[in-house]
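For reference, chains read A, B, C and D in written order, and residue numbers begin at 1 within each chain.
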């Protein structure tokens, strides 16, 4: 039993205990705080499983925003749960047990935890990471490599340039071939058997770094391969923001600009806040920009940016915040983020490529277009996330002051 | 795909539709509205009558096989809404269109005389019902037949529920309920099964559509029998017992509607469909060969006798007429079920003969209601002297129902008896004789009362009519039961015409007999 | 710069991104009629695109159009895949979405506070965008993301009925909880499938499942199947998982009810088609697994139970909502037969029910607009006061009944035929027919009240609904009549879709 | 690690999910339900992330680019589930936000956030709605008809 498993087991025990406590504790306030703790514990679990980006997001979103949301809501709806006579809800317990049993039954035929031979590890993803992007991405005859481009560098990696995909969808022979050629990306021994250049001493570049621009493969998957999903993820956030406005914003005549209570008479707080806000902002931008290189990205950075504004509002009052970012402006900015994202995609399309085909942004230099596109969309995500978080905070705070 | 065309059968379909549109537009001006109704009815008769010579021609069946159907719309891939004229449909269309004119004249008198509300809706639905009947009569395939069969149910529903009283709504519910349940559960299943067995070929043709399926064994005799039952009970409008209950229920409607239901459209559509299914879908020869149709004779015979017995004990005039209709419809069915060429001629003729007689009877009943506000037979003492035309016509209608010369009823009954003789069916003979006696037993006392019993002096009977089943709400209009003469003139004109037609049918029945014979000659 | 851009090759993605961008831009469209006009423009444009797309699909040799987003090969990126089935559903959703948007103006003006129309229409367009996105995609996870967009927007839209009746809030929250659990089950099912197949592309999943040595006895696949079935059942309101639907449709704003009834659950059913037929395949879902028995029993029970419940309602919208659950039962019963006629009937009923029920909800909304309520008592005598609205309602009702020459008849025809063809499935035919009798019962309560009873109180004074409501209502009802008289187009497409679904996914 | 031990991680996710599901069903408090829904979803996230783990793997960031001297050649954990779960986390917080907005509105409209109390009020509303919409029997029907009759 290695350390990972040990820590994992301990953490998961803690997580489970926290979950039970969240459900069973009577005070809703305690429940909300425990939810924050739960999220932080989960963030640790994610780290333990090497999922840095998820961990970062969980800490920011689950530990931060969700808790704020819950506490903000509890102010309006009361802190105590009504006492219930029966502590144990038997039908629910039976239903839950049955569902759980079914799920566990389903796990019995799964590959074991961490098995490198699991389909998910050797079927599509290795190929995806071996994809040479830009001009050799499977569309025959569309783009030729520019002069002087070292095509060999790609060949060296996976032994081939991805060929055209046959039009006949029934022709699956090529798939088998490509599996063989790229199998074992994560298992060096297997790869060596198929990789003629591996033992020649060449430095093996990680394949999906977009010509060196994006070493964080989570980001490259998130913003490039599955960039379309991420666009809608941003839209989900946007939708949540405007849904909150729809549901909670008071009519203008009732004065939605009423200032809330401020803590601005506390000198220390004011000074510390004023000092730290620039750093928070810079950190936020750093997280967004750094997403290509390491953990981080638009979501995490956006949440960090939002905290700067929220902190400002808490200390100096919402009236001050509204002077900096008036609600109509933040309303529009939530949309602007989504527009940046979808606009980038549309621009690629208008330039003659497909939607979100970043290579169109700079066809001359492989990888540059991708990098540019991904940076743009990350900023779009960051903008929407921060503004939506701000809007949510404003709506909940506004509710309190009326 | 939808086709537009104006050949005569389509024109006959479009005229009442157009009429309905114009009537609804003219709704604000009653005189104009009713003029439109009459003009439409006249135009329809003219168009339908114009088609008759072609159907009567000697080489009709030769050209029938070759002529393409008139296509209206492709409802489903391969399933067309299409029309095709043949003798039986021609006969039905002629009856419906000629009686529509008389019925319209009568309606004008009745609706105005009784100050009915929503008269525009009444006339519109009436025209739509006639359009459905025309479509039904000229239907070129089973699918089209079903479409117009259902359309007829729908368009007559507002007529039945016309008064809007709780009772009218309840009765209309029964009417719609029974007709829709039977058609959806049995008729539609039968049609879909037919579609499946014949690979989508549902075109009417003498000899039936099942020959191929029977020949290659995909359709067996028991299945054919089940199909036949589905059809016979699916056609609820034919009022075969026990699905006849909607007919007495529908008596709640204004009398012109009852006349339409009983003489012109609905029940005639029912027996017409039965006949059409037997002749053109199954084919009498097929039914005889596989022996799946004989049960129908007994059910129809039972219906005739039971309905007649029930009629005997009804005091409400319209209700007695309703049960009379149930019994008369089964005459048509029993004739068709004999499955001989002559009996099918008799069936076709009885559709026509019964129409004239029964519409006269209903007109008379409505006339009595309009003039005297009487609905019960026991109130009719001596009314023949106040309303001689009405009761004279009633007498002619009654004679026709019994089947005495010189009325229409005799002609068809004569053919039926001949067919009974020919096919050697003693059961049918017994039924016909017994039912003739019963008919006499429930119609003649009314005539006797009207003409030979003296009128009671202080007649409060109409007050007690409130507890009669179809009694209306007494005299809002200042009528007093004691002093009334004949009904308004349009009513008298209409019922005199139908009574004369009932007699004329006895002397000049060439057209009807010609069409019926043409139908017979087409049978393989 | 725009020389290289062509509309036609990009149609699949335009259908989704145009409403996305358009929806976001709605929030800057001011407070008057601007948002509505913009929404109309966007939905109209999308409808036009779906028509073009339909033409493309019909013209395509293989009958399928594939669009690789971001130009990533479809095995790695996200693929849009359009065949006759989803082109038809896209056309339905976009068409009804457009007409409903036309309709929405007056009713939203009355039911939603003026100062948030821009947000309302933004959410409205995004809801349509989400539904279209689910329909067009060929990627299992993309389905989940778009599903969440459509769900979130729908929760918000339903809750906007709060100013008229507070029950809209509880209806929305109940739907949120059940919907999220359902979506989580779907996510879990996708996860289990991903574990055994290693891919997210639907076609690829199908190939991998087919290549699996013993998929029928693979416990992971079985559990994935079960959880997807339950999750999809919740999303498409399959009896008995429909509890959220009646309340939600009853208390949502009128325009929202019309939109949802015509599109939201239909897209749920489309997902079921994709998962059961395209991913698992007919052989797995209906031969090896008892999905046909489970689904047809659920559907038939649903048809009968909700039919009876609908007859007992006095509120028109609630009645229509129960009727919707029953009509969804027809669709499910149809495809559970797993033969060509059954599946074709199911596909064609998706369209037919969308136009009929959309039109009927619009009529109920028009009554609501004039009278502030839409129950049986309120509609008494309305046949004369609001003739066009009531005629639309009745025409739609006749369609639900399945009278010949209405769209409902076409569906019934295919369904009954399919049920008679399938071995031992004739009870389904009987239930379909009995269900249409129940539809007569609930439709006729309205007919009787509207045409044969006298109005009381305010309803004696009302006039016909404004043209901007009547016209869209009649566009849908007119379509239901037209495609009842001549169903060659819808019938052909459904047949084609059914054959491609049953012929095993390519 | 073989057998049950090999898939224990999957079982813990089931446990977490079921705690959440139990909360959703059993707790009448709406806030509790919303929180429990979050727990339920987190369970699924754990499943996905567990799927991504490879024996001896590390975070899928190609560190070689940053530091050329370091030659780590894998194995890396599978980044795909991470990406999916990033999306799912965002979705779940959005759902939570909308749910809380609804709950605040419910508190405003009903004065409580206990499901059973709200349900009782809703049932009462529904009954009233039903009775208001009911068409009464024929008695007043006839009355109305006669009024109409006289007008005609």
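The rule we apply is simple: contacts are C-beta pairs under 8 Å (C-beta built on N, C-alpha and C of every residue); 3 or more make two chains touch, one makes a residue touch a chain.
Computed from a prediction, not measured in an experiment: that's the story for all the values here.
*Asks:* Farthest chain from chain A, going by the mean of C-alpha atoms per chain?
*Replies:* Chain centre farthest from chain A's centre: B.
*Asks:* Mean of the CA atoms for each chain, then the mean for all of them together: which chain is nearest?
*Replies:* Central chain is C.
*Asks:* Based only on mean CA positions, could you tell me how far chain A sits from chain B in angstrom?
*Replies:* A distance of 75 Å separates the two centres.
*Asks:* Can you check how far apart chain B and chain D are, centre to centre, with Cα atoms defining each centre and the answer in Å?
*Replies:* 62
*Asks:* How many angstrom lie between the centres of chain A and chain C, each centre taken as the mean Cα position?
*Replies:* 31
*Asks:* Just curious, how far off is chain D from chain C if you go by their C-alpha centres, in Å?
*Replies:* 22
*Asks:* Please set out, as single numbers or ranges, the residues of chain C touching at least two other chains.
*Replies:* In chain C, 141, 145, 148, 152, 155-156, 159, 162, 188, 194-195, 200, 453-454 touch at least two other chains.
*Asks:* Identify all positions of chain D at which a residue touches two or more other chains, and write them in rising order.
*Replies:* Residues 21, 51, 80-81, 84, 87, 91, 94-95, 98, 102-103, 105, 141, 145, 148 of chain D touch two or more partner chains.
*Asks:* If a residue has to touch 2 or more other chains to count, which residues of chain A qualify?
*Replies:* 103, 107-108, 110, 118, 120-121, 124-125, 128, 226, 229, 233, 236, 239-240, 243, 247
*Asks:* Could you list, by residue number, the parts of chain C that touch chain D in their complex?
*Replies:* Its residues touching chain D are 141, 144-145, 148, 152, 155-156, 159, 162, 165-167, 169-170, 172-173, 176-177, 180-181, 184, 187-188, 191, 194-195, 200, 313-315, 373, 375-378, 380, 445, 449, 453-454, 456.
*Asks:* Of all residues in chain C, which touch chain B in the complex?
*Replies:* 398, 401-405, 410, 412-413, 416-417, 420-421, 429, 433-434, 436-437, 440, 444, 448, 451-454, 484-488, 491-492, 495
*Asks:* Can you tell me which positions in chain C touch chain A when the two form their complex?
*Replies:* Residues in contact with chain A: 1-5, 10, 13, 17, 20-21, 24-25, 27-28, 64, 67-78, 113, 115-116, 119-120, 122-123, 126, 129, 133, 141-142, 145-146, 148-149, 152-153, 155-156, 159-160, 162, 188, 192, 194-200, 203-204, 207-208, 218-224, 226-227, 506.
*Asks:* Which residues, counting only chain B, touch chain C once they are in their complex?
*Replies:* Spelled out, the residues of chain B in touch with chain C are 1-2, 73-77, 81, 143, 146-147, 150-151, 154, 158, 161, 164, 168-169, 172-173, 176-177, 180-181, 184-185, 188-189, 192-193, 195-196.
*Asks:* How about chain D: which of its residues touch chain A in the complex?
*Replies:* Against chain A, the touching part of chain D is residues 1-2, 6-12, 14-23, 25-29, 31-32, 35-36, 38-39, 42, 45-46, 49-55, 57-66, 71, 73-87, 89-91, 93-98, 100-105, 107, 113-114, 117.
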